[in-house]
Amino acid sequence: MNLKRLGVPAVIAVTAAIALSSCASNEGGAAPSESASTLSGNLVGAGASSQDAAQQSWIAGFQTANPDVTVDYDPSGSGAGRETFLEGASNFAGSDRAFKDEELAAGGFKKCAADSTIVELPLYISPIAVIFNVEGVDSLDLDAATVAGIFAGTITNWNDPAIAATNPDATLPDLAITPVHRSDDSGTTENFTEYLGAAAADVWTWEADGVWPLEGGEAAQGTSGLVDAVSNGNGTIGYADASRAGDLGTVSIKVGDEFVPYSPEAAAAIVDHSPFAEGRAEGDLAIDIDRTSEEAGVYPIVLVSYLIACGQYEDPANVDLVKGYLSYIASPEGQDTAAADAGSAPISDSLREKITAAIDSIK
Amino acid sequence: MTIQTTQAPETGVAIANSLTAGRLPKSAPWTILVAAIAVSAAVFAVVSFGSGSGYNWGGALFVGALLYIPAIWLFSTLVEGRRRAMDRLVTALVTGAFLLAMIPLVSLGITVVTLGAARFDADFFSMSMRNVTGEGGGIVHAIVGTLLMTGAAAVISIPIGLMTSIYLVEYGRGRLARGVTFLVDVMTGIPSIVAGLFAYSLFAIFLGPGTRTGIAGAVALSLLMIPVVVRSSEEMLRLVPNELREAAFALGVPKWLTIVKVVLPTSIAGITTGVMLSIARVIGETAPLLIAAGFTASVNYNLFDGRMQSLPVFVYTQYANQGNPPQAYLDRAWAAALTLILIVMALNLIARLVARFFAPKFGR
Amino acid sequence: MTSAPAPIKAKLRIGDLVFSRSAVFAGSMILVTLAAVAVFLIVQSIPAVVATTEDASILKTNFWDYVGPLVFGTVWAAALALLVALPISIGIALFISHYAPRRLASVLGYVVDLLAAVPSVVFGLWGIGVFAPALVDAYAWLNEYLGWIPLFSGTPSATGRTILTAALVLAVMVLPIMTAICREVFLQTPVLHEEAALALGATRWEMIRTAVLPFGRSGIISASVLGLGRALGETMAVAMVLSASPVITFQLLTSVNPNTIAANIALSFPEAYGLNVNVLIATGLILFVVTFAVNAFARWIVSRRKEFSGAN
């Protein structure tokens, strides 16, 4: 009697598993592939959660084209992704920042050949929108100093003259500003604070950090939590991946003499106008984003996320798979899927050339 | 305690029936409740008229119900005396506590059902998320994972938990028993996320870093489940009257048979409730599974190889890593939450039937 | 009958032996498991406790400054939650066991059990989307009229995502498990005791006070301990609902709230690497210790009341 009861959940689980095993209609099934891909095997990647939505669509596209391949991407976070890659537990990593020079010098990438360099590819570019929820206001023009003032807590009301000065046409209410920041450690926060520090150094005196540097203020978990907090509040302002801005009001940022709203093109443009980091190996395309650029039509608050692989793998078994996957991501098709599903900015053709060359060099 | 014939009516009001003397009429609580709500509604009407804001029905009802509590106490004290007034007050408070708790619970239920219904369709139960982006897709992989991992956790923890509680109640003497009681207490304090970290690190030691498997998730869950099973079963076993045990011993029944045939059946309803609660407790755990079992978009039947998706992790990842369009992800999250609750409801029903089938018949 | 009876010796039965041995084995398994968890936690924590900001980027100064506000937030939120949940859950349990009509009672009990199954993520979603926005006005009202009480002072939050909201969500989350245990114990009150009380002329409340509550006291305490354990360790719901900062404050209604240990682990772990992971595991150890201290305290109370235990 005792045993019977103990077994109930297990029996249910087994029965249900058997019953369910026949009906995952989109799984398995030798989908006849016209291209007769020769690639097969498992590819494991881990890293930045910001890339997750894009990775899902890349994986879907790549697996459809190569039915014998399974790609897993674990959005465990940039730091964990870099560490997993370093330890050799993943074939490639996704990271919101490139490896630092000293980390590269220390070396010890276990999946890579002994004297191999690593390949870092800026394949995921995403504009960060400054979003707000104020009734009757759909968009605002702000300069970097004002944005920094709002988030630093020195500008506390929507009818502040600093905001009114650049928005003569908007009807700004007498309402307290509630700035919302991310409560978790994130690449979005790091890029946003880096921008504030570079473009409004007088107001924003904190260093760029993945953890919000100020004490106090409204905090929310993850992009979704932040967007929810901004949309559920009144007089709230925050920053999030542009694809998630939805119906919320967004800020056009002052670059040079004009105000630029976020757009994929403007985000890709700032990457093209920024120099590559110096002293890097061939194929290491780390970028130093020029946050203070005054070029026309660039949007300076972007998050550039890298895909990181070995220049030369210790074990050649997975090389074709890695190259195939990265090539798919870099292809116009891959970039467009990500743009549709994740709202990222497709890379420009000039950047694609350099990336393709770097992928070809992997061995 | 209904006969009060000795007290002569001092007010001069004629008493129709001596049995109901000094008592509020049966309809009194309802009358007072309606009156209290009417008063509060009037006050709210004045306030909303004065401030020009909309009429707050919820607030009026709530304040009215609050007003009822002192009102019934006051009336009852005047008419029935202190003891009965206390009784009425507690009745009002207890019922009020129940209704108060129902507010968030009903709100939660309505939210889950209405938002979950959007994607509660055939596709949802016939597809996994493999190669699905944007709209569409389903939760077959998550259901399989949840059932397998929770099932494995139950297989590990119910025998251990039940035997431990039997040990504590029936055999436990001396230092070991005290130690185990103490450690079960400590175990209830293991934060779920720490259980996940532990299971992950344990399997990482043997199978290499970055290993995430279903069985690691099951181990993490059983760490959380065992103390709940022990605690609740122990409580129920202790409630079995000693007379039953002594009667069995007196008839020459061996101790183990006494436990299996007398003690366990007597407490089976409570133990089953405890076990179901422990399953309910772990089936919704997110944090440890996120760390120990990871997640995937494909179906995985093998507990010992590869990542495994589960329903709560599915809900979390759909919410946290929304793609485009976000609404599709949110709909999937809510529908999965609804599914999870329905699964637990089914398990619960089965357990109740089992308990009713095996439990000896009591008077109450 | 004339000769002295031989001393009765208990027969050693195989069944008894197997059963008692497996019971002891199960008990020992708990010892082993916990030892493993404890060793794991302590070994992982040692490097973190002595770390400074140079070793682990997550620390501003040293480990103890980091963990202080978190411990405060954890205990504060859980205490608030228990303060709300305990009387209500006893009330619900009494309602189901002694007040509601019998037929209705079993259905209600079932409904409450079900709610134990709502995953914490869903509480989080509900908290941030439905509950917190609904409380904004109430908080503004409390702040305006009761602002002179330090608890309600400060600028009320515009989103409602405060420590009080988190504590209320926690209270709702622990209600089902606490109610279920209380109810089960109340139902076990010997019918004879209850009837005896009623026969002596007790009102229903007096019967409950004299027969049901004393009988169920250890059950109530068990329920509180389980509820508190869950409230202390609850992760996702708090992480999603609470607007957290590394501060210590008693103000209930502002945007600036102390974080809890578990929520902080959930927030920081995904991006943690190197020694930061150890720091987070060490905070987990602290949580472990805090919960344990609370449990030990509750055990102590139960043991003091042992003289009145219904069955044995």
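To keep things simple, chains are lettered A, B and C as they appear, and every chain counts its residues starting from 1.
Keep in mind that, in the parts below, a residue touches a chain if its C-beta (ideal position, glycine included) is under 8 Å from a C-beta of that chain, and two chains touch if they have at least 3 such contacts.
By chain, with names taken from UniProt: A = Phosphate-binding protein; B = Phosphate transport system permease protein PstA; C = Phosphate transport system permease protein.
Note that this is a predicted model, so its numbers are computed, not measured.
Asker: Suppose chain centres are the mean of their C-alpha atoms. Which chain sits farthest from chain C?
Answerer: Of all the other chains, the one whose centre lies farthest from chain C is A.
Asker: Between A-C and B-C, name the chain pair that shares the greater number of C-beta pairs in contact.
Answerer: Per the contact counts, B-C leads.
Asker: Round to the nearest whole Å and give the separation of the Cα centres of chain A (Phosphate-binding protein) and chain B.
Answerer: 39
Asker: How many Å are there between the centre of chain A (Phosphate-binding protein) and the centre of chain C, using C-alpha atoms for each centre?
Answerer: 37
Asker: How big is the gap, in whole Å, between where the Cα atoms of chain B centre and where those of chain C centre?
Answerer: About 13 Å separates the centre of chain B from that of chain C.
Asker: I need the residues of chain A (Phosphate-binding protein) touching at least two other chains; which ones are they?
Answerer: 49, in rising order.
Asker: Please list all residues of chain C that touch 2 or more other chains.
Answerer: 129, 266
Asker: Give me the residue numbers in chain B that touch at least two other chains, ranges are fine.
Answerer: In chain B, residues 159, 162, 260, 319 touch at least two other chains, as defined above.
Asker: Could you pull out which chain C residues touch chain A (Phosphate-binding protein) in their complex?
Answerer: 58, 128-129, 132-133, 155, 157-161, 239-240, 242-247, 255-256, 259, 266-268, 270-274, 276
Asker: Report the residues of chain C in contact with chain B in the complex, numbered from low to high.
Answerer: 13, 15-16, 18-20, 22-31, 33-34, 36-37, 40-41, 44, 87-92, 94-96, 99-100, 108, 110-123, 125-126, 129-131, 168, 172, 175-177, 179-181, 184-185, 187-188, 191, 201-206, 208, 218-219, 222, 225-226, 229-230, 232-233, 235-236, 261-262, 265-266, 269, 281, 284-285, 287-288, 290-292, 294-296, 299, 309-312
Asker: Which bits of chain B are touching chain A (Phosphate-binding protein) when the two form their complex?
Answerer: Residues in contact with chain A (Phosphate-binding protein): 125-128, 130-134, 137-138, 140-141, 143-144, 147-148, 150-152, 154-155, 158-159, 162, 208-210, 212, 260, 264-265, 268, 272, 275, 279, 294, 296-299, 301, 307, 319-324, 326, 347, 350-351, 354, 358.
Asker: Quick check: in the complex, which residue numbers of chain B touch chain C?
Answerer: 1, 83-84, 86-87, 89-91, 93-98, 100-101, 104-105, 107-108, 111-112, 159-164, 166-168, 170-172, 176-177, 179-195, 197-198, 201-202, 223, 226, 228, 230-232, 235-236, 238-242, 254-257, 259-260, 270, 273-274, 276-277, 280-281, 283-287, 291, 311-312, 315-316, 319, 333-334, 337, 340-341, 344-345, 348, 352, 363-364
Asker: Over in the complex, which chain A (Phosphate-binding protein) residues touch chain B? Could you list them?
Answerer: Those residues of chain A (Phosphate-binding protein) that touch chain B are 1-2, 4-6, 8-10, 12-14, 16-17, 20-21, 23-27, 44, 46, 49, 52-53, 56-57, 59-60, 63-64, 70, 72, 74-75, 84, 87, 89-90, 222-224, 243-244, 246, 337, 340-343.
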